[in-house]
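A short write-up of the structure that comes next.
Labels A, B, C and D are assigned to the chains in the order they are written; within every chain, residues are numbered from 1.
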Amino acid sequence: MSARGPALRRPRPSSPTPDLRPATPSLKTVTNPGSSAPALLARDLACMRGDELIFDGLCLAASAGEIWQIVGANGAGKTSLLKILAGLAPAAGGSLRWRGVEIGVGAEALRQDLCYLGHLPGITGYLSVAENLDYLARLSGATPVMRPAEALLAVGLAELGAAPARRLSAGQRQRLALARFVLLASPLWIMDEPLTALDQAGRELVEQMLTDHARRGGLAVVSTHHPLAVPAAHLRRFEFGASLAA
Amino acid sequence: MSGGTALTAARAVLGRDLLRAWRRRGEIVQPLVFFTITVYLFPLAIGPAHDTLRVLLPSIVWVAVLLSMTLTLPDVFAADHADGSLDHLALSPHPLALLVLMKAGAHWLTGAAPLLVLGGLLCAVFGLETYTLRALLLGLLLGSPVLSLIGTLASALTVGLRGGTLLLALLTLPMYIPVLIFGTSAARNAALGIPVQAEMYLLAGLSVLALTLTPWATAAALRARLG
Amino acid sequence: MKSLTEFFAMGGYATYVWSSYALAAVVLIWNVVQPLRRERQLLRTMGSRVQGGRRVAP
Amino acid sequence: MFERFHKFASPPHFHAFARMLSPWLFGVSALLFAAGLFGGLVYAPADYQQGESFRIIYIHVPSAWLSMFVYMVMASAGAVGLIWKVKMGDIVARACAPLGASFTFLALATGSLWGKPMWGTWWVWDARLTSELILLFLYLGYMALQSAIEDRRAAARAGAVLAIVGVVNIPIIHYSVEWWSTLHQGATITKLDRPSMDISMLIPLLGMTLAFKTLFAAVLLVRTRCEILEFEQHTNWVRELATGPEVR
């Protein structure tokens, strides 16, 4: 199956692509009333980095109320996958749907509902903590569910509101980036290694945030190596890299 | 569920860039010093003969403005690329073309406008007669949006590249040539007393053309490079 | 009609005319040969790299 | 009809098409070159003013036209690649640049070689020579950007944007340079007015122009094949091609 423009031809059945579709059908979560149709549906995703094919034939069907943990070897393409799911990077092949809407690079439907955390926290050093949160919130276009001060309190940065962000430690910057997730009611969370630089309290904070998010019927796609202490009913595991390294 | 219109996001981008520029106003002075040094290199090179300099001064100021622009342009996107906030610009549901237009506007206010003021001051100090000085300043005012807009596009194309500053200059200077030609010919004709409306209209036309076309190109360039 | 030497003299502009034609020949021939050689070299390296068992997607 | 055109959007079909067509184009351009050179150097009479040096026109004018034409091809291929997300568009745009730069350099060099006997200096601030020089800078800027970006796909997409902005700038630059330069030499041939050259001089020139164009088309197809091999080196059909019989 040559990686050409998206979905021009069905791949030949003989192609030995390992089928990564999760064996167990997605469980219907207790909290949300049973939107069984997958909110985020990826089929035969392929990704190139330069001339190197990172992965192809990747399928993922994620429904509301689930927390998908992406695990895999370094360089397996976890970050590339998350960037494709967020609509930041173009897939070299395959199709992606969010709530039934086909996503090319630059789809507004996905961005309206997305909250993304990359490797870098996205914090501007010259601005204060509160100014950073306010800027990123207004940029994302999502409706805040609480006042910014409450969000900062929730992530433990309440008294640092006016401090310039460049004086924060790496862990505090990560908490500031997480404050945006608490502040905005985005149904889709995509997080790339959120637990790095966080202390034990920080990890518990993230786990608690993810649990509340899933209970509210939100969907989260998280890449991390640490085991996530979240209720098993919501947790889904996506093995990556190992099964691909032919 | 829309948490604010595109205008609030645009105002947020503009406000944030201006606030950041204000917080690092110490660094904003550096291009101005470079500009002044460049302008005063030419009298040292050409010799102190006052009348030859009087004819050449407007053209020297224009060339110095062009060169100083290539200093301030790279960090329109470089800082955002470094701290990761560039992804959030691309991830916003609001039109990216509008947001990059705001970044170009912020650059014009913090990068280009000070150069215009300083250029006028240097020429006034030098004793350039007012009619030529007015033509020079009006030309700079009308032409400089093109410099910021095309510069922001080149900054988006070269974001995150090694040697990006040099590449940015290589991309922008050929496209600055029409503005340079009309700006300097306006100043030269003004010195001879010839009316300069033609050049002013052309410069304004170029600015409007750049204003309408480059934001879409800059948005496409960012999407191409962020991928 | 014109003798051979007259032809090459080009009415005194021989250097300019023939050097521009020579330059044109060099530029055009390089533009023809270089891509063809590169294509053959690309096919050969890719051919050997595949036999070398490098992982290539189905 | 669109279905047939769509077929060429996929690299394997375009590669096969290019492989089939380029030998023919090389043959045709060789014939045209032979006819054009004979016509230009031998058959056409000397110019009454410039004497024999005017024969440089048979190299200068076709390459000058082609340098502009190639940038248009590059920008439209880039636009196709960017707007309809057709990968072949980006690939063709990337393949055009070195060709365009070579023709622009050739036009500049022959222009100054022609100017030396006529105007007495190697470089004259003539409007068209100056815009040709700026066009060379645009090409060099495009190629510098392509080489600076490692990821081939991102480079091609960024290049497409630059080419489109460049093509909008070319008429502006040309007009402003015309405005700036007082030394005019009317274009020897414009499609509209009466050609200021005798018909026996004109035919070899059109012959040479056609020769240049077919050569450009042939070399572009070969360069595109190289880019396709590099863009698609991870795919199945390239692997079969590389290990296939015809690898000489």
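Things to note:
Assume a residue touches a chain if its C-beta (ideal position, glycine included) is under 8 Å from a C-beta of that chain, and two chains touch if they have at least 3 such contacts.
Everything numeric in this text was worked out from a predicted model, so none of it was measured.
For the pairs B-D and A-D, the count of C-beta pairs in contact is higher at B-D. Set against the C-alpha centre of subunit B, every other chain centre is closer than that of C. A straight line joining the Cα centres of subunit A and subunit C is 52 Å long.
Subunit B and subunit D have Cα centroids lying 32 Å from one another. Taking each chain's centre as the mean of its C-alpha atoms, subunit A lies 46 Å from subunit D.
Inter-chain centre distance (subunit A to subunit B, centres taken as mean C-alpha positions): 38 Å.
Looking at subunit A, residues 1, 3, 53, 90 sit in touch with two or more other chains.
Among the residues of subunit B, those in touch with two or more other chains are 223, 227.
Multi-chain contact residues, meaning those touching two or more other chains, occur in subunit D at positions 151, 153, 230, 233-236.
The touching residues of subunit D, when paired with subunit A in their complex, are 9-12, 85-87, 150-153, 230-237. Within the complex, the subunit C residues that touch subunit D are 2, 7, 10-13, 16-17, 19-21, 23-24, 27-28, 30-32, 35-36, 38-40, 42-44, 46-47, 49-51, 56-58. Of all residues in subunit B, only 1-4, 8-9, 11-13, 16, 19-20, 23-24, 79-80, 82-85, 87-94, 96, 99, 223, 226-227 touch subunit A in the complex they form. In the complex of the two chains, the subunit D residues touching subunit B come out as 82, 134, 137-138, 140-141, 144-145, 148-149, 151, 153-154, 157-158, 160-162, 164-166, 168-169, 172-173, 175-177, 179-180. The touching residues of subunit B, when paired with subunit D in their complex, are 150, 153, 157-158, 161-164, 167, 170-171, 173-175, 177-178, 181-182, 185, 202, 206, 209, 213-214, 217, 220-221, 223-225, 227.
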